[in-house]
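Have a look at this one before I ask anything.
Per-chain residue numbering starts at 1, and chain names A, B, C and D are given in the order in which the chains are listed.
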């Protein structure tokens, strides 16, 4: 392979696991994007900045050449593409799809969550193999997400022939193999996986859309973002992922570097545990929202690459509204609200952020200072990602940063994910019966118009009740060497190397 | 029985007489280390099973894993199981990398060892040379310079000097190689022979890689050496200085023995304590490597340890501490043996 | 007492005491000396280079590096002095006992120390702080754990050689009890190297604290602590922002240097052999024999 | 005094040595004029600090760094040393003038075999093959009286006894065939018997090889026995240089007279107190003390069935070579060591079996003065505390009373009262010994063990201490066990003498009896090795020559 067919990528960390059943992380998403192929995809379009992005209005065939949805919106039938081959050379059939479904269902993780929580499926009978190239999924309630869901990054189809070679008695689903290796019909497969060091992707020569232009992707872990920029500048790497806004600003001034920017679906927010005093008081939550110096943060932390978020729903998704967002920096108002809640002299609390996240640390310190103006004393607690997650899942962390996105471009999906009191990832434990009802209704409703109105209402209520301190949409930026072309953006904010060339 | 053993021992050559008992001592020491690492990790907050399975684990899965890991057994049963595992080379699975910890450690060890190896060579060279010169030519420029250096070196934090070196020689002057990783990312590592890139590249005859690897080694090695050579120098100064002032040196001079021969003899006499210090320094360098590797993204054991702490990757941390302690014990063992071998006064 | 000024007049001693004095000043008058709050971010002032307004510049959150360096003196010295004091108070009596009494307990304690010291000190510190949580007091406790064996061993080694010295036998002949010998005779003589070690250990503790914070295993933001400050600037260093890390690093250097120098001064001050050489040039014992062979 | 009419091997003309840092202190050496003729043995005597060693170092041009020759010149066979090139100077050292230093064990490189060290010196001066050098080293070792030289050449210094090490150093000085040997206190610290052997050997070898010797020593006895001429040094000057016989007969200078006087024994036999000899104060019978040996399983019988009596107010001297077990006996008596068997009756009471608590009251009656003056005093205590420690431990007195006793005691040992506030390091060795005595005597004991009170002291100080002890004994009616090497002091102090060899008492009797008519061969050997200065009529060249038959 010549140098122009190899891409050197530096990112903060290698994927924790290559298995799509593993909890989703940014690093994991990117690997999945490249080593798993899904049944359906969105069509692509070019956004005003010249980047290729997904067109949420058009769903096309992926591994399924076509699909059809029953008129009652209660089942979807996939017609699989013929002649699709994995990197191991195995041809895809309905058996692969069914085995993937079985595995996902039995592992009770990501797949299972989608099927039971979003599609409300109750038993595996919902999945049917019609013939060698046809598979059908039936759901109990009508759902507008029935097609959309299958675009999701975590629902790739596994090459069951290859995977089954690695099955053992106590590991019937080849989890050990799939957490460190790949078996799918994707453009790349894993030729080397050294966690904490590097991952090497090689192109699948049989990929159904034709082999990738870049034959080898070498992903190196470089935890320090400034090192990634320095390396990119020195020409030691082609792509530097996850730079801080300040570094992005710097990179833009370097002629050998090209920075790609997209206003994506991220929201950065400070979640509060709504079950825990004093955050059980809506006034307290609102007060904190009034204390955030948004323009200053936008300027000094995000270097003006970000926009404030004014809704729980991503601004690029349909049904987004910010018309009722009242929170401007207003210390007097905040104090008044705190007094009303009974915290005239403020209170003491803890704020958790992840180790190795300079941006969160920076923001934490700024917020600590900002909150202190109303007598709110914040202890900063830096924790390894896993410990932090453990603590806020258990509900023992009063405040913590969340930078997250919902990868399905649908307001009801997003709201269900983050706001529904039933959701596992509603870490703020926000609970509002009306909101819950509206979301649940939208999940099974097929009336687009009514759904949109309901969702706007949900946004207004949530903004008012402020389960989070709303912060920013940081956007998504990628710095590459000027030689690199073909940037594209997908909802999981992960790069698809298939699109790139040098 | 005991006297028989003793008689047998006395029949062996002196070197074996020294080495064998020390080796026997290693076993209980290692046992102690196992004991400490095991209970240290037991003190850590959090259920290992939960940590291993991640956040989305179901209670059944956790219960199952607890069963499989034997977490429900008594602590002593667990300890015995742990010892058995370690003896079989099973240090557990890293939560972060999902690899066996031993594999991870083996993979990263050469990077750290290469760093420590060259740092040690440079440290010893600087330390001994300065010490000898300053003692043999007292009052001279080197004498004063070494005194200042000796004080300053002990006060400089290695992580800080590393950063300063990067700033000056990479960012500003652009003389040094990039401070991330062991070779240029464009190059592929040389075929594995020793794991030392410099040596492997030489074996493979790949001078591009050799050049890159040597260049990358430069700053971290200097960082480690500059900080640690001061300590070695100071101690050598005092040891060598004492020997240099001792009657036998004066007597040799009075007997007309050439100065060069006297220096060599005096160094030979200072060797035992110097060996001890060097051994101690190796242990110290392993700790220092943790910091320096982080700064230079070295990808060795040190960085692995830091990641383990950051990620609450307890099996990995436990494995690292165990291996580090074992390494130190072996170094101390070698030091003790060498010490006794070079000093004929020590009775066996 | 004309010899004290003499050993205190060496340049090393002068610099050492000057630095100590400076640090005490900084500790006492930190609020007066620092123009800004050490923990308050000023988002708009982030990463400003040194200027008249911010002598040492500002860090990424806009906190004033100068003020933080000054306040950090409190934290760093607090941790170091407390940890060494605890280690000293536990280690010295412990060392005295295990040096004076040979027995199972003594050798067990020694083996325990062997194990503690078989671990690379920094790595052990890292693990222990990880276990106990990143609080200032925990860092101090961990350092105390690491330093206790150092003092105990030192005292033990001294006591082991001292107890064979004839003056101990002489004391016993005068009817002194074990306790009296231990605390009246041995402790006094063994304390000198320990005092030197106190100074050196404080320096080491500062370095260790800073190192732990540097890798994120020490105290937490936004506590003004030198190692943490170096760490917070480390990222920007490679991109040319030098002031955030440089100044706290220098503070570490001077602080540790201060205690190293003071260690030397103590050694000179308390060493009777050195003084003896200076005092009696002519003694009427024949050199070369302390009695027949 | 007349000049010897030939070319001197060494000539020193008005040599002056000063410190390079200007001080008001007198020069270290001044006005030294000296000539050393071929085949001559020149003795240099003087007390500690007189500048004897400096003179030797000046001759080798190896003065300490802060000292410098500011006047005068040294000629080696009429060549001025200051003109030598560095290479010539190196060849001169060891090649023409060789040095034998004090304390031979420290002069040898501890990690190199003695053979190799000889080879190293030889090859520094002569181009010989390693092999031949080794052969010469071995043969020379044999000549200096090392038995089994071939094997011993492979030994490390620590495997040698002091006497053997001294022989090796002598061989080292002779191996490159120098013209002059400087022996600087070469036998200091060796047992008298060994010392005599070594000196005999040295003199004999140098005579044979035609080498001149400068014999630096403290001991007038050595000068008397071996030297043709003697130079007396004091404070950096040579007081007088004379023919030895002349000197002994009629020393010119006041100082020389003092020295000679102090070196002589003063047997003013004091009156034996009227004997109540039937009830001895101390009765030791069959005392045994066993130490574990170097190798496991081995044992050293340091004290092997020793019995003796000490009547009240009498002194028993315990003499014997180093390591014969003298100190061990003393320590068993004060129970610093637990004896393995035997009985010790003190004032009729068996004390070996008493518990420590029961023994404590007795401690005030039995005291010991320790061998090394400095190390037996806690360096961090003031003299006042050092002296009154027994009082604090054993008696209940107010601090004012104690202080009074301390002052009284200091007066008794002839120390000014202000010494009470000093630390031990501020005292000279003689003063330290006095403090040690004050401490032992303050509890008004009945019985005192003096462990080597006079060894390692300078000639005149030793005489003073002997006088002091004698004084104390008669003042306080003490009974004493007097442990020593120094036969001379025994003559002045003891009523009875016990001679020890290897843990056993080989001969015991009244002092006059034993010294006049030694019966045991070991006692004879011990007495023969004493180099007295009375009745010398010329250099013997070898003590053996004079006392043939008593030394083998």
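One rule holds in what follows: a residue touches a chain if its C-beta (ideal position, glycine included) is under 8 Å from a C-beta of that chain, and two chains touch if they have at least 3 such contacts.
Note that this is a predicted model, so its numbers are computed, not measured.
For the pair chain B and chain C, chains touching both partners: A, D.
By number of C-beta pairs in contact, C-D leads over the other of C-D and A-C.
A separation of 46 Å divides the Cα centre of chain C from that of chain D.
We define each chain's centre as the mean of its Cα atoms; on that basis chain A and chain C are separated by 49 Å.
Taking each chain's centre as the average of its CA atoms, chain A and chain B sit 42 Å apart. Centres computed as Cα averages put chain A at a distance of 90 Å from chain D. Multi-chain contact residues of chain A, defined as those touching 2 or more other chains: 224, 227, 230, 355-356. For chain D, residues touching at least two other chains, in rising order: 103. Of all residues in chain C, those touching 2 or more other chains are 216, 234, 237-239, listed in ascending order. Contacting chain pairs (ordered by label): A-B, A-C, B-C, B-D, C-D. Those residues of chain D that touch chain C in the shared complex are 47-49, 102-103, 162, 185, 188-191, 218, 322, 331, 334, 336, 360, 363-364, 367-368, 370-381, 389-390, 393-394, 423, 425-430, 436, 439-440, 443, 452, 455-458, 461, 485.
Put simply, chain C touches chain A in their complex at residues 39-47, 60-63, 134, 216, 220-222, 232, 234-239. Put simply, chain A touches chain C in their complex at residues 224-227, 229-230, 246-247, 250, 293, 296-297, 299-301, 355-356, 358, 361-362, 364-366, 368-370, 372, 380-382. Only residues 29, 32-33, 35-36, 40, 43-45, 151-152, 154-161, 163-164, 166-167, 170-172, 179, 283-284, 286-288, 290-291, 294-295, 305-306, 309-310, 312, 317, 320-321, 324-325, 328-329, 332 of chain B touch chain C when the two sit together in their complex.
Residues 3, 8, 10, 16-17, 22-23, 108-110, 113, 179-180, 194-197, 218, 220, 222-224, 227, 230-231, 234, 236-237, 355-356, 384-387, 389-390, 393, 424 of chain A are the ones that touch chain B when the two sit in their complex.
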